[in-house]
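Should a chain be cited, it is by its letter among A, B, C, D, E, F, G and H, assigned in written order, with residues numbered from 1 in that chain.
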Amino acid sequence: MADWQIDLIKVVFIWVWALLIAVVMTWVERRASAMMQDRLGPNRAGPFGLLQPLADGIKLFTKEDIIPERARKILFILGPPLFALPAFSAYAVVPFGDKIVLGGKEIILQVSDVNIGFLYVLALGAIGVYGMVIGGWASNSKYSILGGLRATAQLISYEVPMGLALLTIVLLYGTFSLREIVLQQQGTFLGFLPNWGFFKQPLGFIIFMVAAYAEANRVPFDLPECESELVTGYHTEYGSMRLGLYLFGEYVNMGTLAAITVSLFFGGWGLPYVDMSRFLGPVSYGIASFFVFFLKQAFFLFLFVWVRWTVPRFRYDQLMGLGWKALIPLGLINLFITALLVQLTT
Amino acid sequence: MMSGFETIVMYLGMSFLVIVAMLGASSLLGPYRPAPGKATTFECGVPLLDPGHKRYSVKYYLVAVLFLVFDLETILIYPLAVQYRPLASLGWGIFFEVFVFVFVLLVGLLYAIKKGAVDWR
Amino acid sequence: MAGINEYVILSCILFGLGSIGFLTRRNALILFMSVELMLNSINLMLVAFSAQRADMGGQVMVLFIFAVAAAEVAVGLAILISLFKHIKSVDINRFNLLKW
Amino acid sequence: MAKQLETICITTGPVEVGDYVTLNIGPIHPAMHGTLRVITKTDGETIVSAKPEIGYLHRGVEKLGENLTYSQFLPITDRLNYCSAICNNVAYEMAVEKLLGLQVPPKAQLIRMIMMELARIADHQVCVGILGVDLGALTPFFYLIIQREEIYEIFEWHHGARLTNSMGAIGGVEADLPERFHEKWPKLRDTIRKANDETDKLLTHNRIWMDRTIGVNAFCADDALNWGFTGPMLRACGVKRDLRKEEPYLMYDEVNFEIPTGKHGDVFDRYMVRMLEMEESVKIIDQAYALYKELPEDAPLMKKVPKIIKPPEGQIYHAIESPNGELGFFIKSDGSDKPYRIKIRPPCYMVYQAFEDLVKGEMISDLIACLSSLNVIAGELDR
Amino acid sequence: MSLKDRVADILGKDLVALNEFRGDLCIEVPKGRIVQVLAKLKEEGGFDFLSDLFGVDNLDLYAKAAKKKKKSQEESEDTGETKGKESVQPRFEVIYLLLSLSTNERLQVMVRVPEDDLELPTVTGLWKAANWPEREVFDMFGIRFKGHPNLRRLLMWDEFQDHPLRKDYPLEGKGEERHLNYDIA
Amino acid sequence: MKFQAIQGEGWLLTKAEQLINWGRSRSPWPFPYGTACCGIELMCALASGYDMARFGAERVAFTPRQCDVLIEAGTITKKMVPVLKRIYAQMAEPKWVIAVGACACSGGVFRTYSTQQGIGSVIPVDIYIPGCPPRPEGILYALLKLIDKIEADHPLYKQRPKLIEALEAYK
Amino acid sequence: MVRRPVVKKEYTLGERVYLVEIGKGLGLTWKHFVYNVKASFRKGPHTVPTCWQYPEDRREIAPIFRGAHMLQLNEKGQELCVGCGMCARACPAKCITVKRGKPAEGEEDKYAGKTMCASFEIDMLRCIFCGNCEKACPKNAIVLGQDYELAEYDPNLCIYDKKRLLANFHRAKAEGRLKPPRKPVPVDAPAPKKKTPSKATMTKKKGESGDSEKA
Amino acid sequence: MDYYFIIFAIMAVGAGIFTITVKDALPSALGLLTVFIALAALYLHLHAPLIAIFQVSIYAGAILVLVVFVIMLLITPDEELETTQKNVSYRAMGAILGAYLIALLAIGLKGISQLVAQKNLPEGFGHPKAIGMLFFKQYILHFEMASVLLLVALVAAIYLAKKNA
């Protein structure tokens, strides 16, 4: 097989996988939230309601799609794709597993291991902002505009602490490549702890997690679409598949963030204390690493859901205050300490 | 072309195609029945009160400026950070470099906080 | 790989577009964007030459241009906002009143 | 009729368009409970003015009351504060009884008390739950609602309806406590407490919740009195006033209970007052139930009243402490079988008119929190 | 001192009539002096809480009384104050429900408003609580309150013409619809 | 031609319609237009005890663009009528309306000057639920009936009559 | 301007750092989650104890629940209603129309009374299920049954005529859901003052109960 | 010539033309966004991945966001603030000047093309690590100056905005 064919297969596979995760996430979110609230959740479409996302999808596809008369047409149409495209594309640098040997060829389970690694994800996140702000603006409804403005301000505010948290990781591992970071996290540290970013950077992890929740627009940071004030925020005027793209993009974003968390702080595909490649064959090792990664990612995805149904949401100024007055100074201090520690240990 | 990036472009292209296909399918499959009042702006069920949008708070601008500056500064540190360990082995120079930089950042942040740029009231 | 000439031509075109925009438009915001366009064309040129000469100094320069551009935009737009407070317009033709 | 045409409707005209953003919230808005509407002007996120507009649920109840007989009007009172219909029923029944000069038998009084306190719990549960929902915490709402279902079950087995109870009749109550109540109550008491505990755990000490509620829409006690606040709203401001203690009706002076009060009248205090009141209600029910058990099985439930009620001419006002505050009925009778004029004094009417003062200078998100904590029920607000 | 005497004491000449029914005290005061009376009650009588404020339309009551009177002359012994002035009976009354927070006594203060002079001074200066109730009285009965900060319809929509709680307004309305300029499209 | 062959006896079309109906009927997102007491009962139907989400009616959104079923629960006063009309007009096709409770169906006991006597005269209603308020089970029963109705629908014929006609003519 | 009391927020350390309380909350939701997931794997429709899965798993309805009306027959299968119209008069929603009629020749034994209702219509869309008609009926002919599945596509189907009301009764009878006979309410006779236990004696009603006797 | 370059060059030029000709400011900003992204793609082509990513996250993600914010703050979607007055001579002058500039630069190309193109780039060219090294070794002062510059810009912007808020 030519290289590009392998690449194509990888691209298609991971793309579909990413989407699948998002689709299943919508189901998990509904069922899990229901279970936490002593209800049952959708259980009529297919076994256990598993086909519920499909039904929703069909419904959204066959829904009339209205462009409000006061909206800016072109911008209105551009909004959802602008949001969804970066969201869908961010998976490209996530290392889903170590490597698999198929037909004598060693295949890295990652779409592309580029040397700028997660900076790519950050950059895409920055573009994703436009989808919200333009969508909200183009709808020309006050709720939407306010939602869009809030969304943008919130997203960009939390991008800084996220960047600071990532900076410490870069300081520690000296690379941007997610794969290399994961490789460096194998083994143990101080003799008994897994050599994970989480144990080396607990503060950085917390900052990163909080920022990730904000980036994913999840409670307690779901101000942009805060249902009780701004109806549904920036996508108030959107219906049909345009809305579908927004909702879906959010879930895909969550998947990405969970995956990044796993690879940066939780050793990616590796198991602590165990070296799977020792006793597994090349093929089964690839599959096993893939599943280890998936399980870790699933945990963080579930955490997203879990937290969402537990806590109330912030107010706007509190959210901003938390970002600028708590997280960023913390991040800077953390950076400073890390720099000092690294300096001392080399 | 750099190795690795073509697959990313492939991935991007695929996302693009699928999104276009989704929107296209949706507009094909969905009904289209315009009716009076259907396309009016939703304002909790009442007619629009005032036609345009007044100016929103300048606070948003300030947040964006803050973000711009901080984003830029963090990004400028990245090339140093990625090379931190090798440079650190050369001596304390790099540490002070980063320290001064972070310090400047901190000063900017404190100024912004003191000026109430991130207070919403 | 495209040669350096193509990059320089592209850069020139972008620079020209930027300058045309800057000279013909009235909307102060679009003026800003035209300036950005010009700066970008310079960036492109720098990167192209850096690749051609295998000297990464060009790329580093681009990073600094980013910083300068950011500073320019931040202050420029702040001024624009203050102007807008008084003139209620972003039309540069009205900015020559100098009485705010 | 010529006179009427002279009366001009004074309108403020279109809302002024200033440099502020005019944000219309309601009537169909997730936080506005269907029928309320507030026209706010905001500067950034801060509210400069908030004009509540009501009447979207004005159903003409008072006019209707003038055209129905006394007993026909009883079901209509359900539809006032539909979160705690029983309190309305009892208030109305007691007003008519006062007009007739009746004194209902003690057993009926105790049953009324028990049912009213259950209704109070149900009402507060909804209010707290909705407050949580509006502030983004959905789960406590569900935990509370389940307990409410149980309370509804008792209602249903007592008088046959879940929500619009039409409990009792003028002169007493028509049914003894149902078997369900005797079975369920000991367990229900615990589960209600458990649900409250869980809500407490999820919210009260959560810093996000505290930030969202403490100090938000704080209100001075004398302002509150001037605006005519009653009930939990007033108590949250620190005024210890409860009609159950001040003007004891039924057998409230036979039971012991505390009146929880707040300090600053902010959202947190209102929330806490409601949470504590639920606990007090549980205590009241326990004591009333003990009293009830002392009465013989066949103790009378009703006073003899004629089938067609024709009170003497006169006018009375009678108020009770409904979950939201002082709920009063003014009835003027002209001696016929229909009231000549019925005026309902809904508690949240007085509270809601102070809305602008409550939210001015706060943020949009606080408006939502404030409104949910007021527990404005459109049914009794607009009547 | 009983409440009755105390109120009579405080008001003196301003007390037009006093009526007690089932323990509820209702006093009538002259229309022109309502604000002063209420202020006095608030200051001296300790009635510091305005519980409610509403109107009553007496049209039917008078009609009934007149009918009754026609039927049998000797049975015309109505309540004291309506006696002898049927022809000029003021049609509306506005009732202020006062409450004393310290003694928990309630008092109904009533003013009569004749149909040809539908105006009362506002009491929003004394109690802010009077704000909406006064608007509602205006909405429902057409009695205007002078000096009210924002006297416009409260419950009915702004274009509504009638005053629904008047006795001559039919229960089912006169077919008003609210479509006016709010209709879609 | 090719298409014709696939279409056969309209098999493909029917299957497609079934699929669409299946999707729509399994995800009727409600617009909870709860104005009065019935709204509280609707809330109960949405909450734990009865959990309307089991039928896919989960995402409660208060914007008409994103909802399929307008559940009108509660009294509609004349002051509210324009709002209701507007909300209904703004909903995206396909849309359905459930009138919950006596007030929404006919005005109920409130035969008064300010109450709209039933929303049927204002907007088309698909299902009427008597009751004051109906039990949550009653509301769920109506939802099930609505699902039946959706499943008996012919969305494609309705949506693109011209296209379908052309296809039919092809046969 | 509005005066606002100054509120000083006081947080304990645990509250200040957010995470402790959030952690506790997470624990709570987790407990519910696990419990309900376990429960949902049980057999039968009523798995999660707090959720009634409506069509399969119905909640027990109180026998006195006020649902759809029915016209009762007595044990002999005779119609109880005499068409007196008391129910129509008592109805606040004015949704009952009754026409009194005389039974046709030879059909007298179908009716319990001398007269019967020639037609009996209830507009269910108007009815507010208050039960006033049931209370007013002297013959206990009309009662409110337990049916609650009343939704219809067509509003005209919601006007229940006599046939349907009787059918309701037959169905209820077949399913054993007849309304239990109403228990007589113990009424306090006005004359003798009842002695009640010491604790629960007459509540004082601020003296007004004294002069209330003149009514 | 390769297609990659052509595609993105055309994209950049087209979007640039769109940017300066479109009437509203917001679509114009979107056009500029496209230019930035196309240029980022070209930077990748030029072995400058770090610059490419920074181009996206700084120019597209931060600077343009600021511009968009200001657009939203200053212009309402309902009204046009862009003047439509036809100052033909002014425009013509601008166009001529621009064309002149382009021509001038194009002429300069002659000399450029004579520069010797370096064919084989050293290993790790454009790698973030290499840039980091360069940063530390040669441009350390510039680096610090940049931070001070940004600080000054921040202070100025806050001051101006606060003064007029």
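We adopt the following convention: a residue touches a chain if its C-beta (ideal position, glycine included) is under 8 Å from a C-beta of that chain, and two chains touch if they have at least 3 such contacts.
If you're wondering where the values come from, they're calculated on a predicted model, not measured in any experiment.
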Exercise. Starting at chain C, how many touch steps does it take at minimum to reach chain H?
Worked result: 1
Exercise. Out of D-F and A-B, which chain pair has the most contact pairs?
Worked result: A-B
Seminar exercise, completed: Per the C-alpha means, the centres of chain B and chain G lie apart by a whole-Å value of 57
Exercise. So, what's the distance in Å between the C-alpha centres of chain G and chain A?
Worked result: 51
Seminar exercise, completed: Note: chain D sits from chain B at a C-alpha centroid distance in Å of 46
Exercise. Which whole number of Å gives the spacing of the CA centres of chain C and chain D?
Worked result: 63
Exercise. What are the residues of chain F that contact at least two other chains?
Worked result: 20, 47-49, 51, 54, 62-63, 65, 79, 82-83, 85-87, 89-90, 93-94, 109, 111-114, 132, 135, 155, 159
For this session: Could you list the positions in chain G whose residues touch two or more of the other chains?
Result: 22, 25, 28-29, 32, 50-51, 53, 92, 128-130, 206, 208, 211-212
Exercise. Going by the touch rule set out above, which residues of chain C reach two or more other chains?
Worked result: 1, 63, 66-67, 70, 73-74, 77-78, 81
For this session: State the interface residues of chain F toward chain G in the complex, per the touch definition above.
Result: 48-51, 54, 98, 102, 105-109, 111, 118, 120, 125-132, 134-138, 140-142, 144-145, 149
Exercise. Which residues, counting only chain C, touch chain B once they are in their complex?
Worked result: 1, 63, 66-67, 70, 73-74, 77-78, 81
Exercise. Given the complex with chain B, which residues does chain H contribute to the contact?
Worked result: 4, 41, 44-45, 47, 49-50, 54, 57-58, 61-63, 65-66, 69-70, 72-74, 76-79, 128-129, 131-133, 135-136, 140, 143-144, 146-148, 150-151, 153-155, 157-159, 161-162, 164-165
Exercise. Can you list the residues on chain A that touch chain G in the complex?
Worked result: 32, 34-40, 206, 306-307, 309-311
Problem set entry | Residue ranges of chain A in contact with chain D within the complex | 33, 36-39, 142-143, 146, 219-220, 222, 226-229, 231, 309-318
